[in-house]
Structure formats: structure tokens, C-alpha cells
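Note that the chains are named A, B, C, D and E in the order they appear, and that numbering of residues resets to 1 at the start of each chain.
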Amino acid sequence: MADFFEHTLHFPVWLAYLVAALIHCVLIIHVVAVGALIFIWMERKISGRIQDRLGPTRVGGAFGWLQTLADGIKLIAKEDITPGDADVMLFKIAPYVSFAASFCAYIALPFSDGWVAQHLNSAVFFVLAVLGLEVFGVILAGYASGSKWSLFGAMREAAQVVSYEVPLGMCVVVPVFVCGTMNLVTIGNMQSGLFTNWLIFNDPFTFAIFWVYFTCAVASVNRAPFDLAEAESELVAGFHTEYSGLRWSFFFMAEYGSMFLVSGLAAILFFGGWNGPFPIAEPLATTLVNVVTLGNAESWGGLSTYLANLMGCVNFLLKGFVGVTVMMWIRWTLPRLRIDQVMTTCLKYCVPLAAVCFLGAMFWQLNGMPTGNDLMGFQRGLQTEGWVETADREATAVTPAGSADLSADGESLVPVAADRSDGDHLSGLAENGGAG
Amino acid sequence: MPLELEDPRVIEFDVRTDEMLVNMGPQHPSTHGVLRLVLRTDGEVVSEVEPHIGYLHRCAEKIGENLTPRQWVPYTDRMDYLAGMNMNLGWSLCVEKLLDHQLSEKALHLRVIIAEMGRIASHLVGMGAYGLDLGSFSPFLYAFREREKILDLFEEACGARLTYSYITPGGCTADLPSGWLQRCADFLDQFEPIIQEYHALLTTNAIFIKRTAGIGVMSPEMAIQYGCTGPVLRGSGVDYDLRRDGEARYTEMYDGYAFEVISEQNGHYPKDHDYPAVPKDAVLGDCWHRFYVRMLEVVQSVDLVRQAIDRYSTASGDYGVPIKLTTKLPKGEAYLETEAPRGQMGFYLVSDGNAIPWRVRARSSSFCNLSVTADLCRGCLIADIPAVVGSLDVVMGEIDR
Amino acid sequence: MIEFLEPIHVSHYLLVGAVMFVTGAVCMATKRNVLGILMGVELVLNGANINFIAFGSKYLRSDSLGLDGQLIALFVIVLAAAEAAVALAIALNFYNNHTTIDVDEADDLRG
Amino acid sequence: MIFAAMDWHAFFFWMFALLTCGFALAVLFSNNVVHMAFYLILSLGASAGLFFLAGAEFVGAMQLMIYVGGTLVLVIFGVMLTAQSRFVSMETRSGEWVVALGVGGSLLFMLMITAFNVEDWRSPNPRQGEVTVAETQVVSQIGLGFAGVRVDKLDQPDGQLRGGMSGYLLPFVIVSIHLLVVLIGAAYMARTKRRKDVSGGRS
Amino acid sequence: MTGTSFVSRLQQKFGDQITGSNLEAVDPWIEVAPESIAEVCQFLRDDEELAFDLLNCITAVDYFIADPKKAAKAGWEPHIDVVYHMSSVSKKHSLVVKVRLPRWKDGVEGQLPEVPTVSQVWRTADWHEREVFDLSGVCFTGHPDLRRILCPEDWVGYPLRKDYEMPLEYHGIRGR
């Protein structure tokens, strides 16, 4: 996008990047804030439907569309109470820590092919890492509130999130392993084509590990049945017992933000990201542009690509919404687990399952066993990166000079190549990985 | 938790934290009203629980010394406000016992209908609120959906939805309106299949079983020692129900009715074949059994109401005309316990010959059931406390009176 | 001044690293709290990490350490995590035995 | 305009540097142990920003994940376990302050002199502008480096400089085992047995 | 078993400790001397034929009329009855046992009358006795934890006594 400002509109470099960055920020904050509005409304409607009620019906027309907005106004108008025993500085800052972490993780989350605020080579990792920081807001809130219930909530959250990060990381590594890259854009693009290309259908182990991932994701964003940090029947409201008004709503937004984040991550890692089940977006967009421009699609440059991307974005959002909806469905159906059962679930079931699936997927991949795509063959996305391929290339490019140089310590495991073939490969990546 | 090893000087322990005194309640989402539990916790483990009650104390017994028995009926409504009909019934029977007042056959059947419908309504709340305690919201609303229909029926009969004062010493305040019986029968037909939904939502839910099976285990001896009654007692496998085993003045109501007392005998519940099997983790006397007994009692009550409807429509006599407001009570005293939804609700009436009783006493079932909390919760986790207290299904209005 | 401030080169990173290192060292020396000392150690290690990254950055030096800098930084991070786990275990153990986290109380071996 | 004149690399560097150093000092001067932990998070997070700035994306993400996300949760856990008011703030004796700041100050002075004395470190990279983004995206190279393949050094013409070709396989394995042992050991230590004298007296 | 056989059985065992009975009342009752109530209850629970394992209720009834003219007509001296309602889960019969206490110990106003606790016989008696202590002012000697249960700990007076006067104010809250 910065390139567009710089080259097409002839902005100065600094302004181009600044404007691009601002646009990204504004867009993402809308995803989080407006997303939270929609999700809260959705949660009410879904819980209402699940519980034989209607949910909100009046504010803003027939379906209570504006209920959340009305609540937001109420929350803003509420008194912001700070308990006498609170550690004032930490108490005030904690909601923002939570929210900022949830928000920051969106920086590396692509919404469509290349539609990402910041291309990161290690995006998967970054998203997980930043999401993990959300727990600090909770811990600080729990400690700073000066309430025992809050402290209990914070201790539970700390124990829970730290343990669930282990299986979550293992689950995420599997798609990374299959694709050979940590770049979310590349992972998404690799799954283009028929839905058989989606990684969840790659092999039985990726199918199994998706469920482990989803369980751990629900646990790590603190949703029922793992919402122990705010278990209202035990801990009143857990870590946010003492919060009111806007600060409280920041926790709420952070929760919904990270809910969508993990669902979106699941969509990219397992469900083809912005690729629909059938590869119709690109041809459809081209045809559409062709019709509108009377067959001059070529001359309209990237318009058809843009349209296809837009459809992809809608696709991605839909998948994310489905994930969030499932989380809500679970929440309104199941009772809550006990803290020791939550830990047992993690250590006894999730970690071993994730480990087995990881090994299995690796085995499957290395032995070239049939993937889901082989059953209903369709061209995989062409973009590949990855050390598997790089290593192959290096292995084939063995030169005598390199092997002569095998170091004397005898620890060299791979023969050495002397030419600089790698550079091309990397610069090819640069197009893909350039700043947005 | 300290664990004794062979060498008494060596104590193994987890990470040691400091003991905390935590107040659960009186304003807490899971203490069912204004119950206050003082917990001594070591991390998540609760080493000691002390219930504090009395936040809803209204001196109902003292008020009873200043009102005639019929005037006191509304105060019984406010004891177990989730089963007001059954409270009315207990008090009315007690007064009638002292007066030696005999009711017509029809009035008795009417009382069975009303009392058992009240039991269904009350158990529905107990079931739904227990779901809430364990963090499951939806069963509560499913339960209330059906309870509302019962309340609609009650409202038709007496005009009130919570504090009915319908059953009064001498009979009932009014006869049932026309068509009521048919609507009631329709409700039962519609309601009975729904019980299976509740089983699917809670009773057989894996997480629910994990949370309740083997938690808060109470042996039959302990239950009797603590004076626990009702589903709490029967959940421990004691086959005791005042509708069958009570004194004649009460059991005559149920003469000729076919119903079973729900308690596990030799590893089986009556109706075992129709309803979910007991999970293998469940121990007799744990929270799961107490919950399950309530669920099965609802089915029994449905059966009872059906029979009562049939018999009421053909019975002779009137619906029972209430005694006069100023009827003089004979000198003497009477104590009568009835099987209310939460256990045995006893009323004690001492009269010196005036229209106003000398002393009125309400023996509350929840009061006794709650007194066991301290023993049941020792050494459990914080999350188990709502599970245990919820399975006792206490109503503070009845405890504090 | 502007010559000092920019352009940024390795020395500036080293400066940040040095500040962190010294802060951490002073922290280790002055804090009486076991956890405070642990945090001092983290700061020291992180100061060292900044140096590694700076020397390994291709932006800053044409003849950089390259990958080695980052690899070593990774090792440091991992070891720091391991160290923190052990230190925390020691702290807990110490707390269990002495019911305090004041290191000045740890004088059992004093004659 | 001032924006145009600014070097954005420098701007962000100074921003992150100030945050890093400022919060590091806040750790030092704060007495409340929870505040210290909070400042430490911010300081380490800001230094992750420095890593990103220097082109070490993966290390930056690692820093956030392991250091900030993992280590500090442990620290805060420890804080909570010992969260008794008497431990929350423990004042440092002023004598210690004087000595520590004296020694620390001189150390800092020495380090600064060293840092700015080497000409090579002070001169900017002549081909700074030529560095492509791709050159810093080294995740796969790092992975290969751990696995024992140094693809980044394949083009090194000087055979001598290709000495580290075996990569970091051995250290990687050692660290892995080390980590495992440490975790088991830590878990064992945290759950240790404690001798309790039944007679009540100190042994 | 019926009321008559309970009485004869108890009299056989405890002799003159059984101070009276009324078998014609709506609920037949037996009166026991205060000092032996604990042993009697223990026997009632443990005896195989009696087996009163469930204590339903403990009540105190205050017999007192402030107006001396009416009091003369009442036909009884001022006293407090502590009434124990018990039943048997296994035998399915019930019994009422009464203990007659003076309104004040040794006739000194403010000195609570004393009766041995039965909380070691039935655990449920613990709370019931606390309630009686709280509301009627009877001291159960040997009770493990005799505190007020329904009223606040600093409440003055025993509300279910007939001569109880509601305090004018309690912690700044108007009473009447």
C-alpha cells in the first residue's frame, strides 16, 4: 500500500508509509472494536436462541442491532470505580495491556491474499506470542484489584494460559511443518484450490490436531468451559470483579478480539484462509470485470485481483465468524470445568495428543503418503517457501569444492554448496514479504 | 495437602501458599441468596467452611405469636418462596391437626395436585440453578420456561405467582377454575418428554458428571445425623419419604396413589430402565445422586398429579372451606412434618386456647440440610463449593425465616 | 548532537545493551528480594542479547555476524527461560523453608 | 517538514531505546515487586522492538513468546505465591545504593567508552540502503542453522570463514537436553519434601 | 411401638428421671429431668427398638405472662419448655420429649437457664441449639460452639421470649 502511495500518488516516502500505517491501524482497530460490537450482539442473539428466548429485539430496529452500542454508551457513562485497596497504577493500566495485546496480534493476521498490516516471516509465531501477552493484563488486574476473588482469578489464568500455550504451540507447528513456512500469507495461499487442499484434510493427523488446537484455543482465550478466571459462580467475576465502566469493557473487547483472532488463525492454518471451498473467486472476479468493462479486464490491471481478494476477505471473515459462533455455542451449552480438570485436560490429553499428531503428521509428510488432495486432485497453490525445499536444493547443488571443504571436525552433516543460488530464492520471497 | 509419610517428620507438600480467609457471600452469585460462607483457603483448596446465616431473618415465628393461623399463612409462603404451596400445606395440616379438622376427599385430591405441581416447580428451579452453579446457563432458562407454565396454572387458581396462600387451614381459598384440570393435564403431557432434554443437558453431560460425581459424598449415617431430609437424604440411599412414612394425617392424602420413593436401593433406582444410567464415577450420596433424585422425583410427581386429576374429577365433597379467621384453637400443641420439595418441613403449634397461637415454630428442611456444609466441604476445591451447596438446594428464606 | 543521534549504528545498540546490563547488575546487587535478583539477571542477559543482535544485523554492518548473532541470542533466551525456572524453584524452596523471600535471611551456613 | 527530515529508523530506535532503558531503570528503582515485574515486561517488550528494528524478526517474536510470555508469567506466579504485604516492597539499604550505583556507574562509563571507541562499530553500514527486507527474513535459515546447515554461509568464498559450517546442531541438542533436565529439576525442587520437626524446636 | 410403651421403657431405664408424660395429647409427650436429657437422648437413639436416629427439631416455648392478673389465671408457673421432636427413619415412629426449665437460672434475671447439649447425640442439634440459644435464651452446656446464629452476634436480648422488647435502635438503625 505504501508503494501505491509512493509511486502512483507520488507521496514522499515518509508520508506514504505514515499514511499506509495509519490506514492499517484504523482498519484493524475497526476489526477489533466493531468486531466486538457485532460479536457481543451475536452472543446475545445466539444465547437467546439457544435458550429459547429472543435476545435483544428493540434497540436499533427489529433485531436489536444497536443493543451493544447502547450498552457501550451506558458503560462509558458509568462511574469508573477504583477500589481503595487497589494498586492504582496497575489497576488503571491493566485493561489497556490486555486490549493492546489482543489488538497487536492482528498486525500479523492476513485477511486476504496479501491483505495484512505487516508481512512477517514468522507471523504464526508472532501472533501466538503477542496473544500470550494478553494474560498479563489479566494477572495485573487480578493483583491490582486488591480483591481476593480477583487474585484467585489471576492465579488461575496464569496457570491455565501458561500450560495451554504448550499444546497450542505444538498444534500450530503442524501446519507450519506441512507448509514449510511460518508466513501466514504463504500458508493461506498454499491451500488455494478445492477444499481438499485445506490443511485439515491433508492427512488424518492434521484433522485430529485441529480439534486439539480448537480446544486449546478456547482455553487460551478463556471461554467456557475453560473460563475459570472469571467463573462467576465461584469467583464472583474473577479478575474483573472490581472493574466497571469503560475499563471493564476493554477486557470485554480484548476477549472478543482474541476469540476472533484464534478463529481466524484456525481458518488460515486449517481451513484454507481466504480460499473458498471451490476456486471460483478469481474466475468470477475476472468475468465480472470483463462484463463491466466490456472485455477489457486486462487494461484494468489489478481490479479483478482486488475483487477476488475482497471475496477472499469475506470468505475469511465468514470462517472466523463460524469459529466464534461455535465458541459461543459451546459456552451456552456446557458446564464449566474445575481448575484441576482444566489442567488435567491440558497435560493429560492435549499435550500427548498434540505430540502424537505432530509426529504422525511428520511421518506422513516425510513418507509422502497420500494427502487429502490426492483423493480429489487439484492444483495446490504455487507459492512455496520453506526450508524443506531449500535443503533439497542445497543438497542437489553439491559441488566437489564444497565437499572438499568438509571441516575437519567431522560434524558437517550436509554437503556444502558454493554458489549463490539461494539469493534468487530469497529475493523471490521479498515480493511476497515486502511491507504492505 | 499434607500427606503423611512413614517418617512423621517428613511432610510432603505442594508449593506452599498462605492461608486466606475469603468471604463467599452474602452477595455472591452462587450462594443462592444471602448465604455467607467464610472459607479458609490454602490456594484453591478449602480447608474450612463456616456458613453464616441470618441475613434474611424476619422473625416469622415471633410474628406467628401475634396473628391467627390463617393470617400467618402468607408468612409461610415467604419461607420457601420457591415452593410456597408446599409451605402452605404444611402449616394448614398442622393447624388442622390441632383442630382435628377433617377434609373431604375432594379437598385431599386437590391438595395432592397442588402440592405435587409445587414440587415440580421447585425441583425445576433446583435443577436450573444447579446448572448455573456449575457454569451452564441454558438449563436454567429451560427450567424456567416450564416453571412459568406451572406458575400460570397457579395464577389461574389463586391469582398469585409466587406467594400463593392458596392452601389454608380448612381447605383452599378457592376451587379450581373450570378447564383448569384439562390445561394441567395438557401441561403434563407436554412437560414429560422435556425431562429427557434436561437429562441430556445436565445429567448425562460428561463435564457435569466430572464436576458432581464423587464430590461432597455424604453417607446415610451422616445424612441422618445431620437431620438432612428430602432429596438430600434420599440421595444418600435412605429410603424415607414422609408421603409414605409420615404420620397418618399427612399420608391419608396419598392413600391409594401409586408412586415410588426415589432412592438407590441395591445399586438401582426405581425406573432405572427409563432414565440415564448412573455413571461409574458416581458414589452414592454425592452431588450427582442428589441431583438425580430430584430429577426422578419430578417424574413421580407428574404421575401423581395425573392420578390426582383423575380422582379429583370424580371425588365427592367440596374443595374445602377455610376455617374462620378467628377460630379459637383448642388448648394443646401439635407438630406435623410434611414432605416439602427440599425436605421435611415441620410446623409446631402451641396454643393456650385463644385464636392466636402461643408459640409457632417452623422446622426448616434447608436449615438442617445446610448445616452439613461445613463437613461436606472440608478439603475440597473452591469450585466444589457451589457444586456442593447447590446440590443441597437451599432456600435462604426458609433457613432464616 | 545530531551526529550522535543519527544515523544509528552498532554503538547505539551497544549503548542500550550497556545500560541494560548495568541496570541489571545493580539490580542484582541491591535487591533483597529473590525475585528482584532474578529480574536483574534477566536484564543482564537481555543486555547481552541486544549486543548480539546488533552485531548480527545486516542493517548496521555490512560485515555482520549474520545468523550467528541471532542464533546465539536464541540460545540465550532459551537458557534464560531455563534459568528462570530453576531460580523460581529455588526461590519457592527458599520461601517454603524460611517463609521469606529476603535473601539476607539466607544465612544458615553462617558459623 | 520535520517528518520529512527525520530518519525513521533513528526515530524508532530512540523510542524503543528510551522505553527499554527507562523501564529497566524503573525496575531498578521500584520497590514493589509486582511493579518491578510489570516494568520488566515493558522493558523486555521494548527490547523486542529493538530486535525487530535490527531485522531479527524471529528473535523478536521469540523474545515476546518465551521471555516475556513464559519467563515473566513464572515470575508473576512467584510474586503471587509470596504476595504478602511484607514482601511486596523491601527497601534497599541506602549504603548498598551508594556502592552499587558507584560501581554500576563506572561500569557503564567504561562500557560506553568501549562502545564508541571502535571506529568500525561507529560507522554506518555503507550498503545499508541495499539491504532488502528478504535478507533479514531468516526464519528458515535459523531453522536450518539449528539443524546443522548454514545456508547463509554457503556463499562464503573464503574456506576458512566457512568453518562453522556444521551449524549449531550440537549446541542445540545440548540446550534441548539441558532444558528438559532443568524443567524436571525445577519441578522436583518446587515440590520438595520439607523436614518438619515434630518436637517443635529448631534442629 | 406406641407412646405407652416408650414411657414404660424409659421409666424402666431411667426411673424418676422421667418426670411426667401426657399420652392423651395430640402429640403424646414425655417430660425428662433437665440434667439427664443427654443420657435419655443417647438411649433413645442407640436402643435398638427405639432407634430415634433423626432429630427433627428443638424448640423452646416460653411460658410467661407479664400481666400478673392474667398470669394467675394461666394455671402454670413461668417456665421454659425445651421440646425435642425426634423420629426414627428405620422404625418410622416419632416421639416428643420435653424438658422444663426455669426462665432464668437460679431466678436471677439475665442468667440463662442451662440444659445439657445433645449435639453429641445428633449433629443436627448443634444448629438447632444455637437457634434456641439465639432466639429463646437457653444455654446448652457442653455445646461446642454456642453462638448466635440468626441474629447478629452483638444483638441484645432473646426475641422469642415473651417479655422481649425490641431495642429502640441498633447501630443507628431505628427499631421501632
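One rule holds for everything that comes next: a residue touches a chain if its C-beta (ideal position, glycine included) is under 8 Å from a C-beta of that chain, and two chains touch if they have at least 3 such contacts.
None of the values given here were measured: they were computed from a predicted structure.
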Separate pieces, if any, that appear once chain B is removed in thought: A, C, D | E
{"item": "Joint neighbours of chain E and chain A, given as chain labels", "value": "B"}
{"item": "Greatest separation from chain C - chain, by CA centre", "value": "E"}
{"item": "Maximum inter-chain contact count - chain pair", "value": "C-D"}
{"item": "Most distant chain from chain A, judged by the mean position of its C-alpha atoms", "value": "E"}
{"item": "Chain nearest the overall C-alpha centroid of the shown protein atoms", "value": "A"}
{"item": "Chain C and chain E: spacing of chain centres that average the CA atoms, whole Å", "value": "73"}
{"item": "Chain B and chain E, separation of their C-alpha mean positions in angstrom", "value": "26"}
{"item": "Chain B and chain D: spacing of chain centres that average the CA atoms, whole Å", "value": "61"}
{"item": "Numbers and ranges of chain C residues touching at least 2 other chains", "value": "92, 95-96"}
{"item": "For chain D, residues contacting two or more additional chains", "value": "58, 62, 70, 74, 77, 79, 81, 135, 138, 141, 152, 190, 194"}
{"item": "Chain B - residues contacting chain A, complex", "value": "20, 22, 28-30, 43-44, 131-138, 141-142, 145, 201-202, 205, 207-208, 210-211, 381-386"}
{"item": "Touching residues on chain D, where the partner in the complex is chain C", "value": "7, 9-10, 13-14, 17, 20-21, 24-25, 27-28, 33, 36-37, 40, 43-44, 47, 50-51, 54-56, 58-59, 62-63, 66-67, 70-71, 74-75, 77-79, 81-82, 87, 90, 92, 96-97, 99-101, 103-105, 107-108, 111-112, 114-116, 118, 120-128, 131, 135-136, 138, 141-142, 145-146, 150, 152-153, 164, 168, 171, 175, 178-179, 182-183, 185-187, 189-190, 192, 194"}
{"item": "Interface residues, chain E side, partner chain B - complex", "value": "25-27, 53-57, 59, 61-62, 74, 83, 85, 87, 89, 92, 94, 96, 122-124, 126-128, 131, 135, 148-152, 159-160"}
{"item": "Contact set on chain C toward chain D in their complex", "value": "5-16, 18-27, 29-33, 35-36, 38-40, 42-43, 46, 49-50, 53-54, 56-62, 66-71, 73-75, 77-86, 88-93, 95-97, 100-102"}
{"item": "Touch list for chain D against partner chain A, complex", "value": "3-4, 6, 8, 32, 34-35, 38, 41, 45, 57-58, 61-62, 64-65, 68-70, 72-74, 76-77, 79-80, 83, 132-135, 137-141, 143-144, 147-149, 151-152, 154-155, 157, 159, 162-163, 165-166, 169-170"}
